[in-house]
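By letter and in written order, the chains are A, B, C, D and E; residue numbering begins at 1 in each of them.
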Amino acid sequence: MTPDLIYGLTGIAVFAIGLVGALCAQDRLRRVLALKLCSVGAGFVLVVAAWRTPPADPDPVPHALVITGIVVMISATAVALALIRRLQTLEAEDDDG
Amino acid sequence: MTIYLYAIATLLLLSILAGLIRVLRGPRPAERMMAAQLFGTAAVAILLILSRIMDSPALLDVAVVFALLAAVTLVAFVVLASRKVS
Amino acid sequence: MTDAATLFDLLLAGSVIALAIASLTVRDMFAAIVLFVIFGLLSALAWVRLSAPDVALAEAAIGTGVTGALLLKTLHHLRYVTGKLGEGQARDLTPIATVPAGVIWANAAFCGMITLGLALAFLGAPQAGPGFDSLVAEAMPASGVDHPVTAVLLNFRAYDTLMEVVVLLAAVIAVWQIERGLSDAPAPALGEVWQGFARLTLPAIVVVGTYLLWKGSEAPGGAFQGGAVLAAVGLLLLLSRIYVPRPAHRGLARWAFVLGTGAFAGVALLVSGGGRVAFEYPAQHAYSLILLIEGLVTISIAVTLAALFHGREPVAAPAPEGRNDT
Amino acid sequence: MMMVDPLILTLFLPLFGAIAAFVLPRAAAWVGLLAVLGTGVAVAALARAVLAEGEVVTQLGGWAPPLGIALRADGLSVAMLAMTAGVGLLVSIGALDALRDLRERQYFWPLWLLLLTGMNGVYLGTDIFNLYVMIEVIALAAVGLTVLSGTKQAVRAGLEYMYASILGALLFLMGVGFVYLQAGRLDFAGLIAVEPSGAMSAALALMVVGLLLKTALFPLHFWLPAAHANATAPASALLSGLVVKAALYIFLRLTTYMPLPDEILVTLIGTLGAGAVLWGGVQALRAERLKLLVAWSTVVQIGLIFIAFARAGQVGLSESWKAAALLILAHGVAKSAMFLAAGRIKDEIGHDRIADLDKSDTRPTLAQFTFALAAISIIGLPPSLGFIGKWTLMEGAMAAGYWHWVAVTMIGTLMSVAYFSRVFAGFLRFDRMRGELAEHKGWALADAAPLTLAIAAISLGLMAAPILSFIELGYPFGAQQ
Amino acid sequence: MPDLITFISAALIAAGAVFFIAGTVGLLRFPDTYCRLHALTKADGLGLALIALGIALTASSFGEVFRIALIWFFVAVASATGGHLIATHARRVDRAEGKEGS
């Protein structure tokens, strides 16, 4: 039971949980949350792949990739959330008028 | 010493897990925010211990950021949970 | 020794999975977001454990801190719009369509199979297989910086990083485009304690952010983490209404958004020529160029993240229909 | 400074254009047009280089792959770049006229130029992680364009599109993770060298499903019709004509370097393509609105392209790859013309209900003519480019004895005749129903652009042979036998 | 001598952990919001202070000590402000709902 094994399987599990959530969530906001979980799961796999048994240093390239992935994900999340807010406003206006 | 520190870190982790019950049960946002605050602090403590275990002072920077963000998130929680239609 | 560490790992991994499930299943959306933030913190801890402090920093600051604030803001907006701002009663704010339980279970079973497949594939893959380690070690002396992750981000794979900043730019343009002068929920009264907090914390945050940026060339840190920490300042200013975006500031904001992308791409182009290709920094200037790019990108990231949090473009006096203005 | 690599310019010109268009909102249109024009010139320069050398490679930063990232242009990528630049230029000219709202204008240009940056990046990319970042650039810009009109339907469709896009990209990212786990490198050249294994199969499955979601192959097409039908006309033209092709292109490349491990999977993808042709056809027959019909026809066309792919996988002939490539090009040109024309019709008669296409005081003659021309290419009548593509597909399938694919293609063609006839009927009824009609609003750039595109879609068919031989430059399909 | 320092450090860290656990127990067992808040802000602030002290004792450079102090400072300020904000928030909710805690 080395850390890479434990956390690698954790990453896959988190990815799958996010996948179920993204496919079945009934709430728009929660779907975004589920997608974010997926991205963390993918991050786990990359970080685990970069891990080397100490004292060897881990491979820096996957770390850079995960950082890129995190920034890309927040961009996508922000756009999705803006759409949700806008849609809710439009729907509320519709109900009023 | 390492085993000892790992045991302490595990203990702190357990206390986080126990506190989760409060987040799930609520009943009000205030309780959830409190639990979040506890977790932020506990996570900082775990990081401090990990920095000793892994002998990596760089983790202290991570801990600084954790501490800061715990504060900011807490403010966001309170402000956004409590803005009322006045 | 290993047993204690393994116990810690197992417990941490278990908590991460439990939190992931809990944040998707708990009924109250506010609780879901709190759980998600805790999930992010613990994932970051796990990544620290896997010797990836840079990633942990980025995840804690951007993936958890800013994302959590964005989610909360959206939840707040939804509750405000639907007029259900009361505590704890606003559940299932935005139902899409009721999914039959059968479909959910079918999906779950399907995803379970996928998980099983992925887990098998993962177990079959070489443990700590081949990587870039030796290539990076070889190239490090010519990179201009001492921290491998920064060297990868700003030099070896600078093209990826440029495009990542472009994604951020695309996001802020799209968000400004999507939300048009929406009304905002009213400001909270935070009181004096808050003032003291702001006076103490804001300068400290600025210092920490700058420090992270500076430190990035030799230790974990850098443009993205520093930018995210500085964005926290923006978040606090916006939350407390100390700063309220005004239409007059739009021009400046546009420049701030594109500053990082423009400088990054501009430097990449300018160094080419004379036998060099784009992104090939001359060895003697590599350090200063990278620091310059990082500094400007940090400013852009901080402003962009704060703008993503604020959401809409600050437009002039709310027109009745909210269209065709500006 | 005159010697800047055209490869770099193809990427950086639209990027700088986007930046300039964003900070100078009032001049956005002219800045944008200039940038697209410049990109076109850069692509032409690149095409010359590829003609001379077969392939052009630049290692960015001087770092060789796998550590660094290389850009590579060969016949196929230049053909895609040229299609993108050409269609993009004409859509841009049309947009000068079609977008009257200042707000729409000032956001259309930066988003479209970022989209162009992303697509050019995909066509030149050789690193799968870089491709992941690029498809995210495309996704965010495309969603921004989808909701440009700001209507509730558009925002709702845009949100669905966003969910699908994020999920597709994340599946792709997970696949990248598995590739790294097994191979330790992420460049195309590295992928060829890797032995097949469990992790590689998992990676391929994840990436393929993510790409199929992004390119909207049946049954993962659920997000496409609403998104494409509810966007403003220039945005629809870009989304339908160009954006779905990016993921398709990555799919083609990826399966060249990492062949699908089993024949059954190839057949499965072909079957999904057949499903798209049939289901999309039925939906197009039932569609009540013109733009929705056009959007469903995109689903059909994507299905066709995957049928071509499946046959290529089975027979292993580069001929079928070429059929797929031709269909991609033909659809890009014709579909953007069709969406622009449909938008023009909607503008002039005020709605796009198919049943009432004739109930209007004005007759958008030119737009109707354009629509009909584009339909000729999409249905696949000679001498259009669409015809050549379909013919190449069917000829090969018949020669190899794959009659089921021939049958599906024929049925799809007949169905497309049927659903476009519904539209033509509306066009033709004008004369019957009314005595006098107001003249349409006269010549406009918004008419000229789609007309040029439609004429191109037809006349390019006459140049199919040189196009085909150009696509083969640099052996994009590994056909170096 | 180093043994003694190690021992003190270990003891401090253990004491800190105990405070954390006490805080969690309080969060779970105390009857209403305000009690819980009281228990929590005291316990976790003190717990972290002890652990930070324990770690700082074995630090190898002044920079580390400084950063540990900074961490403690941030957490203390955040904890105080957070406690206050949460309390205000809870009180406002109470008022809005009429009375009734928990």
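Here, a contact is a pair of C-beta atoms (placed from the backbone, for glycine too) under 8 Å apart; a residue touches a chain by one contact, two chains touch by 3 or more.
None of the values given here were measured: they were computed from a predicted structure.
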Going only through chains that touch each other, how many steps at minimum separate chain B from chain D? 2
If you take the chains that touch chain D and keep only those that also touch chain E, what is left? C
By mean C-alpha coordinates, which chain is most distant from chain E? D
Would you mind checking which chain's C-alpha centre is most distant from the centre of chain B? D
Where the CA atoms of chain A average out and where those of chain C average out, how many Å apart are those spots? 11
Cα-centroid distance, chain B relative to chain C, in whole angstrom: 19
Hey, how far is the Cα centre of chain A from the one of chain D, in Å? 28
At least two partner chains per residue is the criterion; list those residues in chain E. 70, 74, 77-78, 81, 85, 93, 96
Touching at least two other chains at once: which residues of chain D meet that condition? 67, 129, 133, 136, 140, 143-144, 147, 155, 158, 174, 178, 180-181
Among all residues of chain B, those touching at least two other chains are 16, 27-29, 33, 35, 40, 54, 61, 64, 68, 71, 75, 79, 81-82, 84
Taking the top-of-page definition of touch, could you list the pairs of chains it picks out? A-C, A-D, B-C, B-E, C-D, C-E
Of chain E, residues touching chain B in the complex: 6, 10, 13-14, 16-17, 20-21, 23-25, 27-28, 33, 36-37, 40-41, 44-45, 47-48, 51-52, 55, 58, 60-61, 63-64, 67-68, 70-71, 74-75, 77-79, 81-83, 85-86, 89-90, 92-93, 96, 102
What does chain B use to touch chain C in their complex? 2-3, 6-7, 9-10, 13-14, 16-17, 20, 23-24, 26-29, 32-33, 35-36, 39-40, 43, 46-47, 50, 54, 56, 58-59, 61-62, 64-66, 68-69, 71-73, 75-77, 79-86
Contacting residues of chain E [partner chain C, same complex]: 70, 74, 77-78, 80-81, 84-85, 88, 93, 96
Residues on chain D engaged by chain C in the complex (per definition of touch): 1, 3-5, 8, 12, 15-16, 18-19, 22-23, 25, 58-63, 66-69, 101-103, 106-107, 110-111, 114, 117-118, 121, 127, 129-130, 133-134, 136-137, 140-141, 143-144, 147-148, 150, 155, 158, 174, 178, 180-185, 197-199, 201-203, 205-206
Okay, in this complex, where on chain C does chain D touch? 117-118, 120-122, 124-126, 129-132, 135-136, 139, 155-160, 163-164, 166-167, 169-171, 173-174, 176-178, 180, 251, 254-255, 257-258, 261-262, 265, 268-269, 272-273, 276-281, 323-326
